[in-house]
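First up is the structure itself, then whatever we jot down about it.
All chains are identified by letter, namely A, B, C, D and E, in their written order; residue positions are counted from 1 within each chain.
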Amino acid sequence: MQIAKVRGTVVSTLKDPSLRGVKLLLLQLVDEEGQILPIYEVAADYVGAGVNEWVLLSRGSAARKLDGSEQRPLDAAVVAIIDTVNVDNRLIYSKKDDYQ
Amino acid sequence: MQIAKVRGTVVSTLKDPSLRGVKLLLLQLVDEEGQILPIYEVAADYVGAGVNEWVLLSRGSAARKLDGSEQRPLDAAVVAIIDTVNVDNRLIYSKKDDYQ
Amino acid sequence: MQIAKVRGTVVSTLKDPSLRGVKLLLLQLVDEEGQILPIYEVAADYVGAGVNEWVLLSRGSAARKLDGSEQRPLDAAVVAIIDTVNVDNRLIYSKKDDYQ
Amino acid sequence: MQIAKVRGTVVSTLKDPSLRGVKLLLLQLVDEEGQILPIYEVAADYVGAGVNEWVLLSRGSAARKLDGSEQRPLDAAVVAIIDTVNVDNRLIYSKKDDYQ
Amino acid sequence: MQIAKVRGTVVSTLKDPSLRGVKLLLLQLVDEEGQILPIYEVAADYVGAGVNEWVLLSRGSAARKLDGSEQRPLDAAVVAIIDTVNVDNRLIYSKKDDYQ
């Protein structure tokens, strides 16, 4: 999985019928030092993530292992909202401190 | 999923029989600031997208989750026509304004 | 899918038994302006493509959706021989003109 | 698979229910000469790997072939703790020597 | 598939039980002109490839289409030992000549 920050939303009316009611977030990937990368992904949100939160992004067929998404043409999904990221015993991110 | 702009079409007579009747669009990927990237994908179109429209592109096995595509050797499909893209509460793209 | 040009062949005697009789082509990828890229793929050919022809390349599990390839350890296949590629109403490639 | 070094952990409370109890490690990839790369992956740990150990990382649907992970939205997993890496008869890494 | 050269081995004692007895080779990828690239993959060997041989590497779920590998968390496998690679009617590689 990759670490990503919620940046916005993508809205569509004309789409595959299976995608009705699926919230699509625009995520920007974060590197292992906590920097935002110029790489994004539009991902289905199943956990209720909000703008600026850091989340875990799963790609590929993993995006269809969430309840109800088995038959949807999704290749990316938010699977968790991150509380903390620790690297070498250093706290890179804490939702409590960094996100308001 | 990635955001992409419809740029053209690819036509083939000699192909796997399962691909008969499938419309193949040439898409060019768009970055998170709305710029066109030098990256393309040829994708099956199931939603009736037209040239210059912005669409959502799903890749991998997701492309075979659209009705009727289960047994086709596809690794990319247009799954939605985009109405709006919002990043940091800024409207990056609106079909109504930007597409004529 | 990606657009690719057939450049050559790969021959192997010692291989997984399921690959017996499968023709393996060396393809070089082509960009959205028709330029050959320094990226290649060795792909199973199921449509009878010849050297210098432009083809459509499917990667990943899509390569095993062609008749008879379901149980083969393939991650790339030629799924179509391209007749024409159109970008912005400009003909980037025409088999009739460019291939002899 | 890729060779990776365990660098830290990612903790999440709000997540897909299937991910409860799954330990998520932050891994940094290692190149074929043993250098740490600026590429990371957050992977499920099923083998009990510790910080600084070198492990084998499987990505994609392979991450769901570990016992109990079949229905989890995972696209990366630690599948082995590495004892030794040999390249051209040279020992690039030995757990016994390099890891304390 | 990609062309790769066998460079070494990776050994592990603590691993997913399904990987017992699976030989893991360290491969380095080769480009379309026969040059070794700074890209590697650790792949399961099912065809008995030896150091310095050129092989075909399949990645993703293809790696689990070899007999007995269906339930193993593998994302890369050697599927063939290459005899010859021909590009533009030029012999890029011949096992008989180049490998001793």
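Basically, a contact is a pair of C-beta atoms (placed from the backbone, for glycine too) under 8 Å apart; a residue touches a chain by one contact, two chains touch by 3 or more.
Heads up on the chains, UniProt names are A, B, C, D, E = Carboxysome shell vertex protein CcmL.
Predicted model only: the values in this text are computed from it and were never measured.
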{"item": "Required minimum of steps from chain B to chain D, each step between chains that touch", "value": "2"}
{"item": "Computed distance of Cα centres, chain E from chain A, in Å", "value": "34"}
{"item": "Separation of mean Cα positions, chain D and chain A [Å, integer]", "value": "21"}
{"item": "Multi-partner residues of chain B (at least 2 other chains)", "value": "60-61, 63"}
{"item": "Pairwise touch network: line, ring, star, complete, or other", "value": "ring"}
{"item": "Direction chain E, origin chain C - full chain order round the ring", "value": "C, E, D, A, B"}
{"item": "Footprint of chain A on chain B - complex, ascending", "value": "1-3, 31-32, 46-48, 56, 58-63, 65-67, 77, 79-90, 92"}
{"item": "List of chain C residues in touch with chain E within their complex", "value": "7-16, 18-19, 24, 26, 28, 38, 40-43, 51, 60-61, 63-64, 71-76"}
